[in-house]
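Below are two complexes that have chain A in common, paired first with chain B and then with chain C.
And then the complex of A and B:
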């Protein structure tokens, strides 16, 4: 339980990228509001969302940039890749074209972010099994070949959405812990909130009664 | 020099005389993850303010203050819902106070500390006049601290296993708190403080010492005080009490707390309130002999002051059913027989404030005869708030989720009436405007701004402008941004040549929030204005009838420096001069030579536009508009040529050599053939104009000044010039040179 001055000790910047209509904004909305946004309009610009999560007892604030997927905005949305600690690369399992475009998105992500940026591949719309156009196996293989984390999720049912965001954060946190992500690097995408002197440390385990109480 | 005891913590609390049992108690090392101490902060005034919106809104910005604001909101929300995740558990507390009159512990203290059947969960034992020596007073040093600490430790209830929470001492005032081992894991944020109210309002012979900690989710504070002596000093005692309340602040906790900021406060000590002086000593003793305490208590100064709300407001005390604890002949149970002959009084008291406290027993202990006081104790039952982990987690998650939601809701939000702005057909030099409405549909003020895209030098293309490009919007307000498209001589050529198009994506950025992309587009109507001579002479048709790709192709091929890869091999016969130039000159030859004010009177912009459209759309026999409009069109035409008649590459040479006709003529001969033709046409035209100067009123000087600046232009800032060329000319100097250059050709014959 944080008795410190902040509710969180890190800020991670995420971007969500992928073709138009794959459900990027719906994933964000499902993650921040736990609701499915039917009739979500196309994103004309870059939406912004935030949520505080917990990884290994650390409170982490996610700042998520959800980019427009339309091809004509591609040149503009590229400016948002810089300084992302995590990139959620989304395709639609019912539309093969969105899967076919992954390598182009991936090369943008690789070129425009830092080498430690965690890229998580999400096959969205897993609830539409009947219309499936991309198999789990081939996407899994694509992910492995490109060293991406991978999950199929549904922004509609909420299935695996939480996991995708949290697993990304865990991986980033792990990179911080093992030193491969340098927080001082200009574009690490992570801000660390230093603790202020004279105030107590945030506690790791917020479980007041885990030590046996004999009274 | 006298030490100030408020400033220096001479409490000696870190000494550990009984190393076998007493454990380290310093709060900073207390890493038990028990209860969030801050949850008790009900009374945080900032948070109880109804104006929560103010800092809620600031949460969204993600800056520095919002973090603290969010922390406060969490604390406040959790405190509000405390009862939903805490249960009360009863614990017992033993409060003991003893003015030992400077005596060492010569007998055991069990008769005071452990006469109850069950061991209390917490002991808070306070002493006064622990040491009356000068050393203690001046240097706060005394061997008695350890002697009494050991005596207390030995006297604790044998059925309980205790751990010292903290010991604090200021001169003769000492407070020790013990807690049963089994509760230790739930003790957090232990802190102690002292306040001296003695000599000069700070010396430590009078005052108070205090220890606070959180047990589970309850904050508990113990205070031991020794207030001013003597029957008549009631006001002084009251003042001491108020001083302690005001000055005692636990600064090591976050946020810092004073005595009142605790769920439960237990205040013990030699408060020194006496029986009112009106009462005759004999009468006192008579009543005491009858055990008529109630009659005597009517004269108790403490009760009177308390009833008058002068001190200890909100504090309670158990019923007094014991003899006054003061003053005895030491070693006896006899009232004071010294020459001072002090009246008996209930100097030593135990009080408490807060919910869920019940007194079980309140008594004195006459069997302890070391001092002129008898020790007093109070046995209490006290409800402590214990967190139910499961419910706590649930509510904490709810609060966090609510805040996340709020935070997202309080992000800046605007809507725009359109993200696609099409200007339709856009013509050269004809500005067009559209209004973009930005509405603040969110709940917080918004600072918006059009921002540059990565690598761009400006937020929009040069043919576009937004006014205002940045602004501030209160919730519910609208902003109207005027977008203006204007293709002028700076930008026409890049649109003619296809290097640019009327298409731009603006990024409307909300400070601390999202970005909106506004797409601006239009169809530029290619015009003969803003072309190059090389391209124009290839067009036999009006430019509007030439396919746009062809125009681009001509333009890109026009000057190898622009697109060196593409040599024009499709040589169709070219015109000697651009036909548009010929039409304009022809019109002026026919209509304008004798017009007074020729080239001096400005044309009408509507007519100039009509002339341009006529030239773009047709091969006209005549041009519309007045002679002045035609004349101005000529100058504009020359001025908007992609490369001026004297191309940028020869500008320096022309200016440098302007004094001699020979060198000017050399510049002329180095012109591309098409430029030579145009130059020659213009010069002939100017000569003709001057022949009519008696009618049109023009003189050579004016004419060459006008045409000089249209024909010889300085290169645009990024023009790739040769290394040796410097064009740092001041304007009048430059104008003179241009004029001189052109003038040579008016007075000399080109064919000489």
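And then the complex of A and C:
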């Protein structure tokens, strides 16, 4: 069994957050299906997607929770921050209001995730250069001030979408390697593939210890 | 209809839990107390012995600091006395009411499982599902088998997507909702098994629970089995991905009920490029329903259909199928069809036509279905041998089934029918049997005789 949804050694949990209509679900769709979803409906509660990627020779399954941007789902959204290893914070480069709200999203993310959560700022809709409302430079500066990774991407053309998800994973993996992220902590958002009877185990992985119920 | 929600969040409507013990009964020499648990408008019954109350209480004392003397005391002798049982019933009821009142803000898991929440309540049900799938989800997906789910599970998942995560699932990796969504996203074939009766010991009716299937990202084959097709809130994504759609025993009166199950307006305009079209659907199976006709609007919604099963319905004629240009297999067995006049004008180029158990007296309308390979007309009322002749002349026909018709009692029935196929007699399977050599010899003799008779008459 070389391919398929169950060949991986680690699970990384991501959340995607940001204002309504910035393209969170489209980014997820582009990343998991490699397609642009033109008439994407509003997300009700949460959406979920997975994809297996490879970082430093390790197969990693990304479990991505895509949250609703609408205010009425804020309580639902907030409940998914905990236990996320990566947070993709998205704004729309053609709408300044979505950029202005970043600090409130960021403070939510900082308060509700663990200190090691990698936060990646994404300026979406980079294909709409003519309608640009937020410059690359100011967003870059905002990211630097807040120690965020930053990229401009387009869910429509697929530009930089892979990079955003992969860079986040690399950073998380690096945190594991240098010991700043504890795999066994309940809310690290990272875990080994569950070892269970009847489950297949991929080859050449460091033998994972069975996860307890994290009491 | 949301069920109980544990969350303390004010954004979510929290419904009040109420419990009572209406009566006690004997079960295998033991007294069981029948507890009625009500949450909002839903209630269910749970049976528990005194022993289980005691176990529950020990846990609550240990884990939640309840007073030890809250539970009515044990009694060893005379505990089968009706008066005693009645007194204990009422004491236990007071006890349960108290613990629910004390712990209502966040019912402990021990209480939830005592009340069998995992069978009825959204959070508990999804947690149980997640824990099961954590263990066997991968095996189930890899087996490639059809996955059966009931409308309550689908309803719970649909609800859960819109609700905050509970603290319990954040702490227990086995019960993470991700296991459920990951599993659902990989299912290719799903069967929804419905039920019109009350679910277990509750006032819930599975077929009344709405759900959507947006979490099923890989679904190709969907089957409603005794379920309510209008429970499906939105079929939008399925319309471009589903290859097989079935609905058995769903009481359908029209194909539109399932094809536009998510629209209030079933009176669609007949148009070719409808947004309600099922673009990839190749097989539609609506057997065992109550359909009396095929609506022309419905047929337009399935442009790629290759296989259509309408067996076990109440159809009286074959109409409105002519626009199904890709149709190859048509099953109309077990209907009320009496005649099939000029069927070739009503059907495209079908290869397989099943008409068993109808009321046909002849096969007159089938003589021009030149592409036909398989024809099954068993158990009809065909009595006349001559009506088979046009069918036998069809150039591609390889299988013909006539069993259960009066005509099969005619003397030398098999050889007579095989003779009608002429030189192709050896290629044909009649009533699931190829012709035996002896039969072929007879056919050859009969053919030679009739040929010479023809030659004679020409001379």
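In the analysis below, the second predicted complex is superposed on the first by the 186 of 215 C-alpha atoms of A that agree within 3 Å, B and C clash if a C-alpha of one lies under 4 Å from a C-alpha of the other, contacts with A are read in each partner's own complex, and residues count from 1 in each chain.
One rule holds in what follows: a contact is a pair of C-beta atoms (placed from the backbone, for glycine too) under 8 Å apart; a residue touches a chain by one contact, two chains touch by 3 or more.
These numbers were taken from a predicted model, which means no experiment stands behind them.
Novice: Is A:20 touching anything from chain B or chain C once the two structures are fitted on A? First, second, both or neither.
Specialist: Neither partner.
Novice: Touch test for A:45: chain B only (first), chain C only (second), both, or neither?
Specialist: both
Novice: Based on the superposed arrangement, let me know which partner A:128 touches: chain B (first), chain C (second), both, or neither?
Specialist: neither
Novice: Looking at A:63 after the superposition, I want to know if it touches chain B, chain C, both of them or none. Which is it: first, second, both, neither?
Specialist: In the superposed model, A:63 contacts both chain B and chain C.
Novice: Contact-wise, after the overlay, does A:166 reach chain B, chain C, both or neither (first, second, both, neither)?
Specialist: neither
Novice: With the two structures laid over each other on chain A, which partner does A:79 touch: chain B (first), chain C (second), both, or neither?
Specialist: Both partners.
Novice: Now for A:37: first (chain B), second (chain C), both, or neither, which partner does it touch?
Specialist: Touch partners of A:37: none, neither chain B nor chain C.
Novice: For chain A, give the residues common to its interface with chain B and its interface with chain C.
Specialist: On chain A, the overlap between the chain B and chain C contacts is residues 1, 5-6, 44-46, 48-50, 63, 72-73, 75-76, 78-79, 82, 198-200, 211, 213-215.
Novice: Which residues, counting only chain B, touch chain A once they are in their complex?
Specialist: Residue list for chain B touching chain A: 28, 31-38, 62, 67-68, 70-71, 74, 89, 91, 121, 180, 182-183, 185-186, 189, 216, 252, 254, 387, 389, 392-393, 396, 400-401, 403-405, 407-408, 411, 419, 453-454, 505, 507-508, 513-517, 519.
Novice: Could you list, by residue number, the parts of chain A that touch chain C in their complex?
Specialist: 1, 4-6, 13, 41, 44-46, 48-50, 63, 65, 72-76, 78-80, 82-83, 186-187, 191, 194, 196-200, 211, 213-215
Novice: Flag every residue of chain C that touches chain A in the complex, lowest number first.
Specialist: That would be residues 9, 11-12, 134-136, 138-139, 141-142, 161-166, 170-174, 178, 181-182, 185-186, 215, 217, 236 of chain C.
Novice: Chain B touches which residues of chain A in the complex?
Specialist: Touch residues, chain A against chain B: 1-3, 5-8, 11, 32-34, 44-52, 63, 68, 72-73, 75-76, 78-79, 82, 193, 198-200, 203-211, 213-215.
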